[in-house]
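The same chain A turns up in both complexes below, where it pairs with chain B and then with chain C.
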Partner chain A sequence: MAPVSDSESSLVTTQRLAYTYKRSLGPVLSQFFTALRERRILGVRRPDGSVMVPPREYDPDSGEAISEMVEVSDSGVVKSWAWVHAPRPAQPLPHPFAYALIQLDGADTPLLHVVDAGAEEQMQTGMRVRARWAEPRGGGIGDIAAFEPATGATGE
Partner chain B sequence: MSEDASEAVELLRIPVELDYTYSAGQSASRFLRAIAEGRLLGQRCPVDGKVYFPTRGSCPQHGVPTAGDPVELPDRGCIVTYSIVRVPSENIPLELPYIAVQVLLDGADTVLMHVLGESSLEDVHMGMRVQAVWRPRGEWTTSIGNILYFKPTGEPDAPYDSYREHI
Partner chain C sequence: MAQRAAVIGVGQTHYQARRRDVSMAGLVREAAQRALEDAQCTWKEVDAVVIGKAPDMFEGVMMPELGLADALGGAYKPMLRVHTAGSVGGSTGVVAASLVQGGIHERVLCVAYEKQSESNATWALSISMPFSVATIAGAGGYFAPLVRGYIRRSGAPEDTGVRVAVKDRRNALRNPYAHLRVEDISFEMVANSPMLWDPIRYLETCPSSDGACALVLASESIAERAEKTPAWIHATEMRSEPTQFAGRDQVMPRATLDNAASLYKKAGIQNPRRELDCAEIYVPFSWFEPMWLEGMRIAEPNQGWQMTCEGATAMDGDFPVNMSGGVLSSNPIGASGLIRFAESALQVRGLAGERQVDGARLALGHAYGGGSQYFSTWIVGSQKP
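Our next item is the complex of A and B:
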C-alpha cells in the first residue's frame, strides 16, 4: 500500500449540533421566572410553613399541590460549593467561579447558582453572598448574573 | 424567554449545543475532494461487487474494506422514492413545499438523499429519470452542496425492477 500523502489526508471541519427545546413553565414556575425579571426571588410555602426556593408545584413529602408564593431576600449563605477552574464556553461565567448551593434569607432550601468570587481562596462554606442582577433581564435563571461575596457586617 | 416585559414568563427556551470537530477520514475525504472537481466517486465491495455511493471505506454488509479503485459515477439516475416536505426545519433554508428525493445514480447500489427541482409536486414519481444541476464551477467546494438539486431529464421512466431492491 502506498504511503498516505498529504493529498490523501483527512478533511476536517468544525460543526455545531444544536437543538433548542422549549420548557412550558406552568403557574408556579411562571411566577418565579416572571419575578426574576423584576429582580425579585420567589419561593413557595409548604404545609409545614417552610419555604422552598426555587419553588415547586407539589410538596415533596405529601405530594399535595402548593401555590402560596413568598418573596425571599436576594442575599443568603453558601451551604456548599465547588470551584470551576476552567469554565467551558457554555458555562455562566468566562472566568473561574464557584457553583454553590445558596440558602437565601427567608428560604429553607438552597438554590443552585454561581458565586463570582474572583479566587478559590475567597470561597468558604457559610460565607454570605448577594445576587448581582443581569441587564437586561428576560425571565430566566440567568437574570441573576451571579452571586457575589457580601462583605458588610450583616451581609446586607 | 418572554420578549414583552408586561407579560408573564410562561416558556423557557433552552438551547442545547455541541461544537465538535469532524474528521471525514480518508475515504469520505477522497469523495469530497472529487466532488470539488465535479466528479462523483463510489467504491466497490470486493465480495459482491456492489457500488457504494457516497463511499465510507468499507462494505457494511460483508465487513470488508472497499479498498480497490474508486468507481466514477454519472450525475444522473432515477428517483427511488420521494417525500413532499411541508414542515419547516430551522436548519433547512429551502422554500416550502419542496420535494426530498432518494436518487439511485446509474451504476450505484446505494441511494443519495437530495432535492428535486424544476418539477411540480404532481409530476414527481418513482422511477423518474433525473440529472444533477450543479452550482457554477467557481463556487464548488468539498461539499455535496455543489449539486443544487436534481431535475427531471424527460427520459422514459426506469423500470421498477431496476430499482426495486433500493426502496
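Our next item is the complex of A and C:
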C-alpha cells in the first residue's frame, strides 16, 4: 500500500490500479480502422442515403443496422476550428495546431481531427485541407497524423 | 394497485467463451433483435430501454451504456442503466417491469450483458482497498467460506455440491444457448475435478462467458393481443443489505429471507414448494442451490440439501431447478440474472423446448449479487395474476 500521510486529522493515501483490457471493434469499425492503415477513409451509408464519417454500426436516429461502407476523399473542408496555443504532452502535435471539424469530400458529416497549419492566421473556416498520413500506420485514428492546408478552391 | 405487465419477447445470444466477431454494441443488439422478433414488435414500438451490466471495471469501459443507445434503438427515448453487482440482470428486469406496472410505458426493452473475454472479473473484484487487507480471493474464494459455514450448520453431505453440478450440467445439454456442454458428465468426473476453493471443485464452478439476454415487457392490453403466450408478472421484489459488518449472517442473510417473504406475499403464495412449478436460481457455485432454496424459503432452514439429494430439483423431480443449466453452465455476469428471469418466462410460456417442464404455470426467477447482499426476484405465470 502507498504510504499514509496525515492530512489535518483524517488519513489520506493514494492507490494505483492498472489492468490491460481487450476490445473487439466488430465488423463495421474494424473495416474503418483497417482502411486507415491502407491510407483510405471509409464512411457508412445511412438509411436516408447520407454518408457518415466516422461510421457507426447502428443509425443514430433510427437504430437500424448500417453496414454499407463508402470510401470518401482524404481531403475536405474545415467547418469549424479552435486553435491550441500551448499543446500539452498528450495532445496530437508538439507545436500549436487547430482542432477542427473537417467534412471530407463525399461525406455528409464532419470528422473531428487536427489541422497542422503552422499559425493561427493560416486557419479559416471553409479552407480546404488534406490528410497527412502517418508512417508507419497501425490501424487507428492516429494513422492520419494531421490534416494540412491544401491548395485548390475554397469550399462554401 | 399496480397495472399488469407481461413478458412478450425473449432473446438470447448463444453464450460462449469469446465473441470476438462483435463489439459490445453488436452483442447487445443480437439479443435485443431476437427479443423483438419473439415479441413481433418493431424498434419504433419500444417506449423505453433499460440496460444492466456488472461493474464497469470488469471491461474497463466507464458507463458503456452511453455508447449503446443506437444499438438498442434507444435514441430520443428514456434509457436507464441499472447496477446491483451480480444480481443486476434480475434488477434490470424488476426495474423494467416497474415502468410498465406503474403505467409509465407500454413496451419496455430490457437488456443485460457481459463480455467477459474482454474483462477480468477476478482482478476487478480483488482490488485491495487502502487501510484494508487484500484478500485476492475473487468470487470463489469469497464464497467458499460461506459454503463451509452452510455445511457446518446444516450437516449437509459433502457430495451435495457434486450432485448439483451433475444435474445442472446435464440440463445444459438440452439448452441450445448454454455455454459449457460436458457430454459425458458424471458424478465421478465432477468429484474428481480439481479442488479450487475448498469445498468448491472446478466442475462446481461457473464459466466466464460472453453474452446478452433481452426481454420485451408489455402492458396488459398489448400482452393480451400477443400471438405467443405471454409470461404474466405476478410479483417482483428486491432487497439489499451492507456487504460486511461484524456479526452479519453472510450464509443466510436477512435480506434474502425478507425478500422471499415479501415476494410470496405479493404473489399470494402460501407454500412456494407446492405452488411454484419450477425455479431458475442464481447458482454460480454448486452449493448455492441448497443455500438459496432455504434463502427463498422453498426448503426449511438447513434442509435445502435434502431436496437436492432426493432429486427433487432434477428435471423429473417435483421442483425442477435451473432447467437451463443455470449460471454453472453460462455466466455472462451482468446478464446472468436476466437469463434466470428469461428462463422462468420461457417455461410458463411453454417455449422452453427440450428443457420444458411439463405444464409449468408458475415459475420463480432469482438473482443474487455482491457479497450475498443484493437479491432480485420475480414470479411469472401462464395466467394473469
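The definition used in the following text is that the second predicted complex is superposed on the first by the 129 of 156 C-alpha atoms of A that agree within 3 Å, B and C clash if a C-alpha of one lies under 4 Å from a C-alpha of the other, contacts with A are read in each partner's own complex, and residues count from 1 in each chain.
Here is the rule we go by: a contact is a pair of C-beta atoms (placed from the backbone, for glycine too) under 8 Å apart; a residue touches a chain by one contact, two chains touch by 3 or more.
Keep in mind that this is a model prediction, so the values were computed, not measured.
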Exercise. State whether A:H85 touches chain B only (first), chain C only (second), both chains, or neither.
Key: neither
Quiz item: Is A:A65 contacted by the first partner chain B, the second partner chain C, both or neither?
Solution: second
Practice problem: Could you look at A:E57 and tell me whether it touches chain B, chain C, both or neither (first, second, both, neither)? | Solution: second
Quiz item: Which partner does A:G139 reach: the first (chain B), the second (chain C), both, or neither?
Solution: first
Quiz item: Taking the superposition as given, does A:L11 touch the first partner, chain B, the second, chain C, both, or neither?
Solution: both
Self-check item: Partner chain(s) touched by A:S24 [first = chain B, second = chain C, both, neither]
Solution: both
Quiz item: Who does A:T34 touch here: chain B (first), chain C (second), both, or neither?
Solution: first
Quiz item: Can you pull the chain A residues that chain B and chain C both touch?
Solution: 4, 11, 13, 15, 17, 19, 21-25
Quiz item: Which residues of chain A touch chain B in the complex?
Solution: 4, 7-25, 30-31, 33-34, 37, 89-90, 138-140
Practice problem: Name, in rising order, each residue of chain C that touches chain A in their complex. | Solution: 19-26, 29, 43, 59-60, 69-76, 115, 117-120, 123-124, 127-131
Quiz item: Where on chain A does chain C make contact in their complex?
Solution: 1-2, 4, 11, 13, 15, 17, 19, 21-27, 29, 56-65
Quiz prompt | Complex contact set, residues of chain B against chain A | solution = 1-3, 5, 8-26, 28-30, 32-33, 142
